Amino acid sequence: MMKTFTKIKGALIIGITGLSVMVILGIIAIILVVVIIGGKSQFSWEFLTSFPQDGMTKGGIFPAIYGTVLLVLIMSVAAVPFGTITALYLTEYAKENSWIAKTIRFAIRTLAVVPSIIFGLFGLGFFIKFVGAGMDNAFLGGRLVWGQPNILWASLTMSLLTLPVVIVSVEESMKTVPRELREASLALGATKWQTIRKVVLPGSVSGILTGSILAVGRGAGEVAPLLFTGAAYYLATLPSTLHDQFMVLGYHIYIMSTQSANVDQTLPIQFATTLVLLLLTFILNLIGVVLRSQIRRKQK
Amino acid sequence: MAENTRFTAESLKKKFRLSEFLAEKFITGIAFLSITIIVLIFVFVFREAIPLFRTGKAKEVAVKEQVTKINEGLKPESYGDTVNQASPVVVTNKPAPQAYDEDVIRQVENKKALKTLNTATWQPVSDNPRYGLWSLFFGTLKVTLIAILIAAPLGILAALFTSAFAPTWLREILKPAIELLAGFPSVVIGFFALMVMASFFQDLFGYASRLNAFVGGVAMSLAAIPIIYTITEDALSSVPATYKEASLALGANHWQTAFFVTLPAATPGIFASILLGTGRVFGETMIALMATGNAALLSANPFESVRTLAATIGAEMAEVVYGDTHYSVLFLIGALLFIFSFGMNALAEFYIKGRLMKRFMGR
Amino acid sequence: MKEIKIKIKDLTLHYGQKLALNNICLEIPDRRVTALIGPSGCGKSTFLRTLNRMNDLIPSARISGEVLIDELNIYDRNIDVVNLRKRVGMVFQKSNPFSKSIYENVAYGPRINGINERKVLDEIVETSLKRAAIWNEVKDRLRDSALGLSGGQQQRLCIARTLSVNPDVILMDEPASALDPLSTSKIEELIHQLKEQYTIVIVTHNMQQAARVSDYTAFFYLGELIEFGKTKTIFTNPTIKQTEDYITGRFG
């Protein structure tokens, strides 16, 4: 009697926990399916490669795709080297448990949890109003060029946000470079820096790649940091210099779905744009997750 | 090959290697960047908020004001107008010819703004702007509460299933699959909430405003679930096997062990996951902008529209004049958000992780 | 007795609080093979790694005493560790080739010394591989990954890599422990040839191997050097009971 009761409770618990998993997976599936169904009619090569027309009620999203790609490229150029070097410091130079290493790790984790809108504020207050305006005053006699939102400041802001992603991935993979290989190199009379260049870095290429991909996936989808650092509602031309504003997929979705006059009319465009962004980030994350699980397997 | 040279002091004398030295200094310098960034964020977010507290010159004006008031017999409400009359530049927001005057006006506005912070009315764009933070704060709290009430049980139970009941092959699929949700851009979740969930829930519950705290909360739970799930799963998996074995050896079965031994042993980690999930939701901007309705109402009803702190920054910062009172208030809100998320993280790290450690190290 | 190459004086090493080597005094002869034997955990590897200052890499290791190579104390403050390691090569227990080609593995050492000229590198690679008795097996696939070699071949490649920087002393930590008998005998043969030019210190768990390849033997136990002498003497007529027990396999 008692035993069957226990059994029922056990089945219940496994049932409830299993159900939670299914609910979560279900939500993921529903979002994917809804966005795919809603967007597929509009989704075409034409849509991806043409400019918006008629006040963004027709046409494609090429400038937004272009802006997104440009944004994540500039962002990676900043975030990947800095992230890799920080990871290098943590794995190769820092003494484990020294207060410096601990503080740096804490800073990185803090960076990872600071709300993305705060990065936007920082981008505005630091890059645009401090660095940018400072550059204008110092070199251009106060002419307003760098002291306003643009793609460079937006990308740099985004690179701060994605820095932890890079650091964590690279560090993880640097730890998989066997100690024996480092020792082999040092025993041959290589210096530490030579060992890093010839053994550690080549051994963590996959981690650097994973970190970059995950960072790009993150950066491509974030909108909040761009709201006032350079994303534009509509531009007739593509950004051609670093001090131009730019269109970006996520911001485009936000604007089209909340700020435009004829939301219903452009619904297919909105869904298709969302589909593009979701596919982009989904695929990037999928690749990143697979690569990372391979690195983790190597760790064991 | 080896002509067996002798080891001599000269041949093994310490060498200074410039590249080695530079590499180390350079790498160390870059590593400090993360700390620098955190400090800079602190400094610059506060730097833009601080002018709000400069009200010294407002006193002088207040004195003059008093005189004017007596002279003209004006009502206190038109206080701002008097100043405007004194220098019409404010209306056009062009750089004032006399910097002194603009500064004074700014400080008068600051003083008024500071007085209104502690109220419930958020009305920054009006003749008589009011910057009451309470409705924003409670709005944020309401949405956060709803989101966590949904995300925490789902995330924790799913994590329990993954770590305790799922076979290894399934676990290796589940973890990355649910982590993929973390990769969904919040603007996509916000769009989904705006276009699909809002109508669905309105049909279901039949409330008045389509976008409200509940819709926003549900949508934000999707952002919090992966965080809570992942950290809880890690905490559950790192409960030492000896704990479980001891329990099993005492005759407890599989689910009893999972529920009464593993889960309690991982409480600090689970608590940390909820803290971090809360931090995430608290500062979430895009979902809030798109799904909560953005009306700064003070109400306990979950089906009313709300305006969160983060959404307020996101919606208004692009429209404000650089350096004016409204601008500083938005940065003040940012500073509050930053302190909050920083505190959440620090709490999760120092307090919870320390406890977790102690617990596993056998006190 | 032959000329002394390495003289160890009162060497003591701690890992944190744990004493790993206690007051070791030992003289290692030039161009001879010295074997280090002893039960697991007695400090053989630790001792070997003090000879090229590999223990510097372990933060918890603290060391006192002197290691003199040609009368030069390698723990002196003015010693350049990087250059020291070029002169005191090391072969590890687990073969650890880089995931590069066979050629690049051997060229690694010369390259870090700034040798980049193709012809010179080719020559060094060839002589090193020949000396390590692996040239004939790999000469047609120098560009292939070193990880595709068998365990025995990998270990000989690692020896070739060590030889490529032309050291004076070679330290070997159980170089044949993971190998099959055939590969083991090849390595032993190799050691026999190498001792004409190099001073070799080898750690081994295999008594027969120690007897076969070494001229001198040091027996370690619990971080102490128990006995040191000519291999023949140690194996046929040890003076200390512990040594005898260990060698005859009667050890607890």
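We just call them A, B and C in the order they show up, numbering each chain from 1.
The rule is short, and it goes like this: a residue touches a chain if its C-beta (ideal position, glycine included) is under 8 Å from a C-beta of that chain, and two chains touch if they have at least 3 such contacts.
Since the structure is predicted, the reported quantities are computational estimates derived from the model, not experimental observations.
Chemist: For which chain is the distance between its Cα centroid and the global protein Cα centroid smallest?
Modeler: That would be chain A.
Chemist: What are the two chains with the top count of C-beta contact pairs?
Modeler: The chain pair sharing the largest number of C-beta contacts is A-B.
Chemist: Which chain maximises the distance between its CA centroid and that of chain B?
Modeler: Relative to chain B, the chain with the farthest C-alpha centre is C.
Chemist: Roughly how many whole angstrom separate the Cα centroids of chain A and chain B?
Modeler: 18
Chemist: Provide the C-alpha centroid distance between chain A and chain C, rounded to the nearest whole angstrom.
Modeler: 48
Chemist: Could you work out how far the Cα centre of chain B sits from that of chain C, in whole Å?
Modeler: About 57 Å separates the centre of chain B from that of chain C.
Chemist: Mark out which residues of chain B touch at least two other chains, giving numbers and ranges.
Modeler: In chain B, the residues touching two or more other chains are 17.
Chemist: Name the residues of chain A that each touch 2 or more other chains.
Modeler: 191
Chemist: What are the residues of chain C that contact at least two other chains?
Modeler: In chain C, 82-84, 87 touch at least two other chains.
Chemist: Okay, in this complex, where on chain C does chain B touch?
Modeler: Against chain B, the touching part of chain C is residues 30-31, 69-72, 74, 76-80, 82-84, 87, 127, 131, 163, 166-168, 197-198.
Chemist: Touching residues of chain B toward chain A in the complex: what are they?
Modeler: 17, 19-20, 23-24, 26-28, 30-35, 37-38, 40-41, 44-45, 47-48, 153-155, 157-158, 160-162, 164-166, 172, 174, 176-181, 183-192, 194-196, 222, 225, 229, 253-256, 258-259, 276, 279-280, 282-286, 289-290, 310, 313-314, 317-318, 322, 330-331, 334, 337-338, 341-342, 344-346, 349
Chemist: So in the complex, which bits of chain A are touching chain C?
Modeler: For this pair, the touching residues of chain A are 95-96, 178, 180-181, 183-191, 194, 198-199, 202-203.
Chemist: Going by the contact rule set out above, which residues of chain B touch chain C in the complex?
Modeler: Residues in contact with chain C: 1-2, 4-9, 11-15, 17.
Chemist: Spell out the part of chain C that touches chain A in their complex, as residue ranges.
Modeler: 52, 54, 57, 59, 82-87, 89-90, 92, 94, 96-99, 108-109, 112-113, 158, 161-162, 164-165
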